[in-house]
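The two complexes that follow have chain A in common; it is paired with chain B in the first and with chain C in the second.
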Partner chain A sequence: MTALVLEIINLNLSFARHGEQTAVLHDVCLSIARGERVALVGESGSGKSVTARIVLGLLGELASARITGEIRFEGQDLGALSPAGRHALRGTKMSMIFQDPTSSLNPAYTIGAQFHEVLRRGAPKISAKAAKERAGAMLAGISMDQPDRVLGSYPFQLSGGMNQRVMIAMALANTPSLLIADEPGTALDVTVQAQTLKLMRELVEDNGTAVLFITHNIGVVREFADRVYVLYRGRIVEKGATHAVLTDARHPYTRALLAAVPRLTGGGIADIGEETDVFAAPMFDHGPGAEARP
Partner chain B sequence: MSKTMSKTMSGPILKVDKVGKTFVQGVHQVEALADISFSVMAGECFAVVGESGSGKSTLANLILGIYPPTTGTISYAGEPLPAKRQLVHRRAIQLVQQNPLSALNPKRTIGASLRLALDVHGIGAPSERRDIVGGLLEEVGLPAEFASRAPAALSGGQRQRVSIARALACQSALLVLDEPTSALDVLVQARVLKLLEKLRRKHNLTYIFITHDLCVVRNIADRVAVFEKGRLIELAATETLFTRPQTPYTRALISAVPVVSEEEERLRQRLGEPQNAIG
Partner chain C sequence: MTSLVRVLLSRLLTSFIVLIGVSMLIFFIARVIPGDPARIALGPNASPEQVLVLREALRLDESIIVQYGYFIADLARGDLGISLYTNRPVTTDIAQFLPATLELVFVAGLMMIFIGLPLGILAARYRGRWIDHTVRLISLLGVSAPSFVWAVILMMTFAFILPVFPIAGRISDSYTIPVASGFLFIDTLLAGNLRAFANAGWHIILPAFALALSGIGQAARLTRANMVETYDKPYIEMARSYGFPEKRIANRYAFRPSLIPSLTIIGLDFAAMLGNAFLVEAVFAWPGLSRYGVAVILRKDLNAIVGTVLIISAAFLIVNIIVDVLIAIINPRIRHSQRPK
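For the complex of A and B:
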């Protein structure tokens, strides 16, 4: 068995619209080793969220989507799995955290009931009482005060930051080997976001969970990821160890992206020209350290 | 000129004096802002920062006259603003919102949205207004032909440029910018911020720049007011605030910002070290 948790090989996606195919992803290749934290960074419309959805198998049902390429999860070709087989993976071996915690939790059920549902996916026979104990222990483990009160609450009774911590605890409840986090801190205040990232980093380190971290925020990439893939208009334009990409960006798009981020130390707003053909330059690979090391 | 409020004066263009706002919902009272006082000088970019629930948006609404303050007064160009604003007051202070798609009427063309502001305030002769609209679009870096387009046909950055053009249409000296770039991609954000800077210099505009993004504030504001839970806890020149913040809360805010360079990391570390302020 290979130590690669996720391997995306030549992934292409297009949508049929008005009888025409609109290409969204072009030969995307990406791999994540066990326990590795990998960021996929790009602006809106670059294709980062659809990539996550394809990995989870949430896009295949769309009649208009045409997907080609191969996705291997723990060495297994996901394309060969039945819908039921893919369903069985979600919430157990691969899980997801979305951007807005409050809208990804069901407002009609208590946190405890939703936790129970998640734990049942890993252990179908788990009793409500056992689930409550397990959930309580997990929430206490992420230093949440009064876990029992949180479990008895509805999502709207908790703050956004608390909901996001609940989401993280739930996503890791069945010790998945892959966690996909889609902009997990964007809807939160900066101090809460910092705490959330710290918590996530601790939990995935403890569990040896690999993370595909999707974001538009390069600062967050620097805080969280070992390696980074830069996505521009459906193409990977640069990849490498986070430090290498951020301190020695080579692709014109990555360079523009880094230049455009306002600095905490000042220096003014950068003069960013209009999008040019130079962004279509071929991918730059920072080489050793850029590939997942099995 | 009788229709516009005087812009030529010395002293602050906007004065917020002991302003408080309490919302009452049944038996519950929420004190959104308490005892806020500050002055904004003509031509400056005055940033208001804070996390959600700090009272930033309440402050913007009070300044714009969406609702009156519970206590205190807000003065524009030396004159106290009444609880119920007249047309002339509404023209004097303009707003640019976070989400341009919801700020623009989707059923109106860009040209019609801009023209409406001219019609309401009687700016220019009716026969000239078409040209004024074209001029406004060019001012924000859009071709005049965009006047015939619907908001849905524009990108996020282009829509935000239209929102700015609409604020400019009223020829007011004071703009309230409420998270004007936080819905935009980083390249687009840089271009829109650059445009805002250019317009401020050209027309000697005053900005009240409301945001949670400290990196943007660092690079665009002259002074910064930090709000926490409805209170103004720190007010300083930008350079001072970022190098020698006085309150633990401001230190915590700055040191929590995700940064991209080593130099910023060092600043963050330095501010984060002395006390661990996040409770």
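For the complex of A and C:
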């Protein structure tokens, strides 16, 4: 039994609005082992991103949010931690990559300055010079030419793909044990997306970083994830090894999701109705599966 | 750096053109207003011959184009003519009165920057909490009443009821400071008199604060509004997800991208204060250029009007150039823009 990096147990989230509670997540359970890559798949509004933000502790400040359930990170109950204790984990033990790299970097500071700030999370006393060297090495390690030029540039001077690499390098700079990737590269070209995903995969394998990969792109899931959780309207409807889920989908929603993927061979886009009754079928668990890493 | 120089040069050129326009405009407007400057200057008891002589000396009977030509020729030599009000060269008058006003406006501008911006940052960082509400109330008060009302209120409260600050003037009479630059803060230091320097500082606080209050309010409101918008940007969420300290997020990562509109407004307010200074100067018996300007307008003292307006316009333009350059420094997009030509 390998140690779990992240374990989410019966996570519920609801927002109070106009005196009413709107439930967003229903008893979500999810676990990620050390070094494992897990995809959380679902349509917009299914609750994927909000789950990631709860793990990071970014949602706690919203007074209207009510969160119940347990989140264990490296065996530690996050709910029992003080705000300062949770803050200490961010950027050091867990980090996040965002959807649009260019707008996720501050336009008023150079890449080097922002990288320095990130490295300061891991080593508070790091000097500008040491930070520059470390950042340069990180960028070189992610196949970026002229790292010095990149560090001296502003985000708007770099392409989306370069910014994405910078984001990946930043996210892994402090060797976190958990990386949350929230639809990374959705704003990029498919070719650039493929390149950066490959790089990211190599890096997390080298570092043994566990990844929670949030996406609606089935193709990316197939290439990247060991296991998949399918989220629909705040409920996990199917889970299992990537291969099992993608080749032998059992839940009606997963089937609809797979059918909706546009195919290069044509055949039209599947006609998916609002069959909420069918989609409300109980969760299907493929079990650990052969492909799940030991 | 070259692009900074380019910004500077283009702004200098346009400012020069604006100054020429202003000089024409004020030159013609001052002469179109009804009333004979010579008659006003000499008073009702002067004989028509005396008035004629003065009109001759002022070249008032030439066509207005010719008058403007003479004016430009004099201006090129640094001569703004003689003031009929003080009987001295206008340049001498301006040299005497301008430093007091510049000192006042400069200190008020510093207050806008170093009180207004931090208040805005605090309000944005703690939005919806009591700090935010307090800051918004203060800025609303500052913006909603004209500066002379605040001048009277502040003077009554902090100079009369609670005599913390001096009630009027630039410096206590007990100090005699030799005039070198006209700027008291510089002259007291040149004289090596630190007590006089502190005394002058003590005198300037109330009038400068009264003058700055609306600007402080505007700067705080605008900074808050822009920062609240910036706080919703993905790069702030990214900063949070990396656990950057909340204070650094506020003071750096949210503040700097939000600064440009505030800076523009501060520049405009700075310039507006040059005009607003008159009423504050009147309340605090501050011997500045604004009071001089109004006195000469009422006497239709043509040379002095044109001179004063030109100097204030020049100050306005200089402040705008400084703001443009600052914005270019702060905004890398402007600094690095590679426009052809």
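The working rule: the second predicted complex is superposed on the first by the 285 of 294 C-alpha atoms of A that agree within 3 Å, B and C clash if a C-alpha of one lies under 4 Å from a C-alpha of the other, contacts with A are read in each partner's own complex, and residues count from 1 in each chain.
The definition used in the following text is that a residue touches a chain if its C-beta (ideal position, glycine included) is under 8 Å from a C-beta of that chain, and two chains touch if they have at least 3 such contacts.
Not measured: the values here are computed from a predicted model.
Novice: Mind telling me which of the two, chain B or chain C, contacts the most residues of chain A?
Specialist: The partner that reaches more residues of chain A in the superposed model: B.
Novice: Given the touch rule stated above, what does A:103 touch, chain B (first), chain C (second), both, or neither?
Specialist: second
Novice: Looking at A:220 after the superposition, I want to know if it touches chain B, chain C, both of them or none. Which is it: first, second, both, neither?
Specialist: The answer is first: A:220 touches chain B but not chain C.
Novice: Check whether A:191 is in contact with chain B, with chain C, with both or with neither, and answer first, second, both or neither.
Specialist: first
Novice: For A:149, is the partner it touches chain B (first), chain C (second), both, or none of the two (neither)?
Specialist: The answer is neither, since A:149 touches no partner chain.
Novice: Going by the contact rule set out at the top, does A:265 touch chain B (first), chain C (second), both, or neither?
Specialist: First partner only.
Novice: Could you pull out which chain B residues touch chain A in their complex?
Specialist: Interface residues on chain B, with respect to chain A: 51-52, 156, 185-187, 189-191, 193-194, 197, 212-216, 218-220, 238-239, 242, 252-254, 256-264, 267-268, 278.
Novice: Considering the complex alone, what residue numbers of chain C touch chain A?
Specialist: 233-235, 237-244, 248, 252-253, 256-257, 330-333, 336
Novice: What residues on chain A touch chain B, complex-wise?
Specialist: 43-44, 160, 189-195, 197, 216-220, 222-223, 246-247, 256-272, 275
Novice: Contact residues on chain A for chain C in the complex?
Specialist: Per the touch definition, chain A meets chain C at residues 56, 58, 87-92, 95-96, 98-100, 103-110, 117-118, 121, 154, 156-157, 170.
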